[in-house]
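The structure is given below, and queries will be raised subsequently.
Per-chain numbering from 1; labels A, B, C and D assigned in written order.
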């Protein structure tokens, strides 16, 4: 089975404005992510906010099996039409992996139907992600937990629909917990929210984080089968007396 | 525990245009539904599309614990601002019961994040609703199944998120099945989709259907507790070394 | 609606052997729990391991709407026949609330189908229970979280089926997390696992813990309706050509 | 990724006693199933009730990634020790696919914690299986539904825990519905219940049924990662003041 074609989408603004961010991700977070996916054999391209159609033309999405989304400071700059296009592609079967501050992105909120609210703190504290679904494909090759030394904290209550499958729960040094890895199906497509990531910490360079993203990209690959349409089945399958 | 305050919302257009519908629901479907709820002790009011703000002002919603929604031919006439208001009230804890063709209504689609697509047929065939969650509060007082003699068929695939709890599955004479009673939580509120109902069949006069709606109104009542906000927890609960 | 009849079951051995435990629960944990339930209006009785049939005769269970279970050091002394009787009563609609070390009890393991394994530590550390399902009836009247100053830690992975509804997630001072409040349906009955509790900490004297148990007892009350049987439907409901 | 090693288990008694069954499955149902799996590239072996240890020695199970189970008339002849061994292998990560009358088998009931009760009728009526989870790996390559011309009917209520994922719902000519394809996780392992199959109908010769079983075997393959143990984490991960 060949690996799914991944498009890594990034706002790509922090990296241009903030030298601290540029030092960690000189070519942008999207390139860092795309590179380790390519190293695992995934055909991976990138797209960014300031390209035409945010780099997500119909043609690009038609060749995308799994879309990875990183946004933070410019959610509002994403055109509604593009957010809707992403949503409809998920309905049609495309996988979507939403990272960190993407909890507030237009595509994620549209697909969830909830506010995406949460609590946060920027103190550079330690996070420990516990696997609560051992045996789930997204956890392949991990241990019982892994740690990220310095993070922005996200705390409960996290306003999302109850996940179809809950994979990770985070512990934070400052006293909070968070459902850090959540799976849902929407239409024919799969959605995975993964909490780790931040512009000023080198989180996407960390091997466990890369392992999860590669696992999730495999898990979110589309499955062949019929579309979900709307249709008048005028002719019944069985006689109606 | 007192019963929740219910608002029954109806497009109320079929009844005015179609004498066949008016014969079944002379005061509108909303009045038929509100009446049996009142007879069970619920404080129940009504609201309709052509009232100002569709009858769903901030003041009305502030006094609504559970909103029942019937729409069909005029989904697009519902203002986005009112659909968003309903969504936000659900997030804040209001229960929402969506009936039949409401699978395509703006509030339901916004809360689900899916298309709401399904298959349909208007042949007046028989439907049999099977209880698949015996012991669920919404099934209180029912038998193993109940029948509706003449219905519009709705068939799978039904494009909704997997329900948190699946309560009814329908059998149709013409050969289809449907997940006819589905529960979700969105934010602090509960949503129940219930398939039965149609403008040209006397379905809301049927005692089992009335029983389900009264059960669902009880089940969907708000629960007191804190809001789900967004906040910077600058001060950690525990010392961060 | 009248409140469900509760039976509080306790091993009641720690209290007799260990003066430290007896000092906290002079009449046994079951009496402490039954007392605050009675104060809320629940008809509450108690039963203990060393009574005939462990105090859980057919007659007692027939008058029990919700059973609360505390066991720890003597799980193996519970007769298989009584564990099976409890399981079958849950199938028939009785609610079951399993406390703390009851994750290893015979009735709970039989109903879950999993090992109930977890990690633990007795260091008297702090636990903070976060509400992850605001709006759920079991959280009524709580804030965003509550703390227990000194507990035995339970850590993930917790080997249970994915809960139908996850209500609480705990943070522990020593670095672990735990799904501390989990809901399942089994047959017609509801099961709630609630982590807090220990024989040498005064946890069942704490108001938030008492609030959760009273809420859970209401939530777990049986709902009237048909039994789930096995039957040969020789006569089809519809003609088979 | 190589395909999982499958063991197909069969009671293999109907085939020996009943010439009608032997005519359909001359080498037993297990051989029919194993053959089409081998044709898809799966390493597939078989095991039957009357072999020593029912053919499920520790050695055989250690080399089994996915176990397929068919039993009907002799559930009680399965040794408790072997049923427990199967359960523990699932906890450790082995996939389990339970067919048709296996809803009453010892391993399935132990893993579910419910009675497995249902309604049934042997009238040779038509069944139509609707896909309710388009995009799920188990539905790969199917259409919106498929039919089996002559079956034993199974009807709701089906006494199982709410599935983690519901994949198929069946329509029956005689008026019933059934949740025909259900997914659960138990410990590290995955369980799929699939309704079709009967000793006197040639159901396992049907291509759609074979497609589902091959899909399910892929889906149920174990995922590498840590075991779920019980351990005293005496040393906290973080200092406890």
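For this structure, a couple of remarks:
Note that contacts are C-beta pairs under 8 Å (C-beta built on N, C-alpha and C of every residue); 3 or more make two chains touch, one makes a residue touch a chain.
Everything quoted here is computed from the prediction, not taken from an experiment.
The chain pair with more C-beta contacts between its two chains, of B-C and A-C, is B-C.
Seen from the C-alpha centroid of chain C, the farthest chain centroid is that of A.
Rounded to a whole number, the gap between the C-alpha centres of chain A and chain C is 36 angstrom.
In whole angstrom, the spacing between the mean C-alpha positions of chain B and chain C is 33. Within chain B, residues 128, 131, 133-134, 144, 155, 157, 162, 164-165, 173, 175-176, 185, 187, 228, 237-238 each touch two or more of the remaining chains.
On the chain A side of its complex with chain B, the touching residues are 87, 91, 110-115, 117-121, 123, 125, 153, 155, 157, 159, 161-162, 164, 173-176, 184-187, 228-234, 236-238, 240-241.
Partner chain C is touched in their complex by these residues of chain B: 1, 93, 128, 131, 133-137, 139-144, 164-165, 173, 185, 187-190, 222-228, 237-238. Residue ranges on chain A touching chain C, taken from their complex, read 128, 130-134, 144, 155-158, 162, 165-166, 169-172, 175-177, 179.
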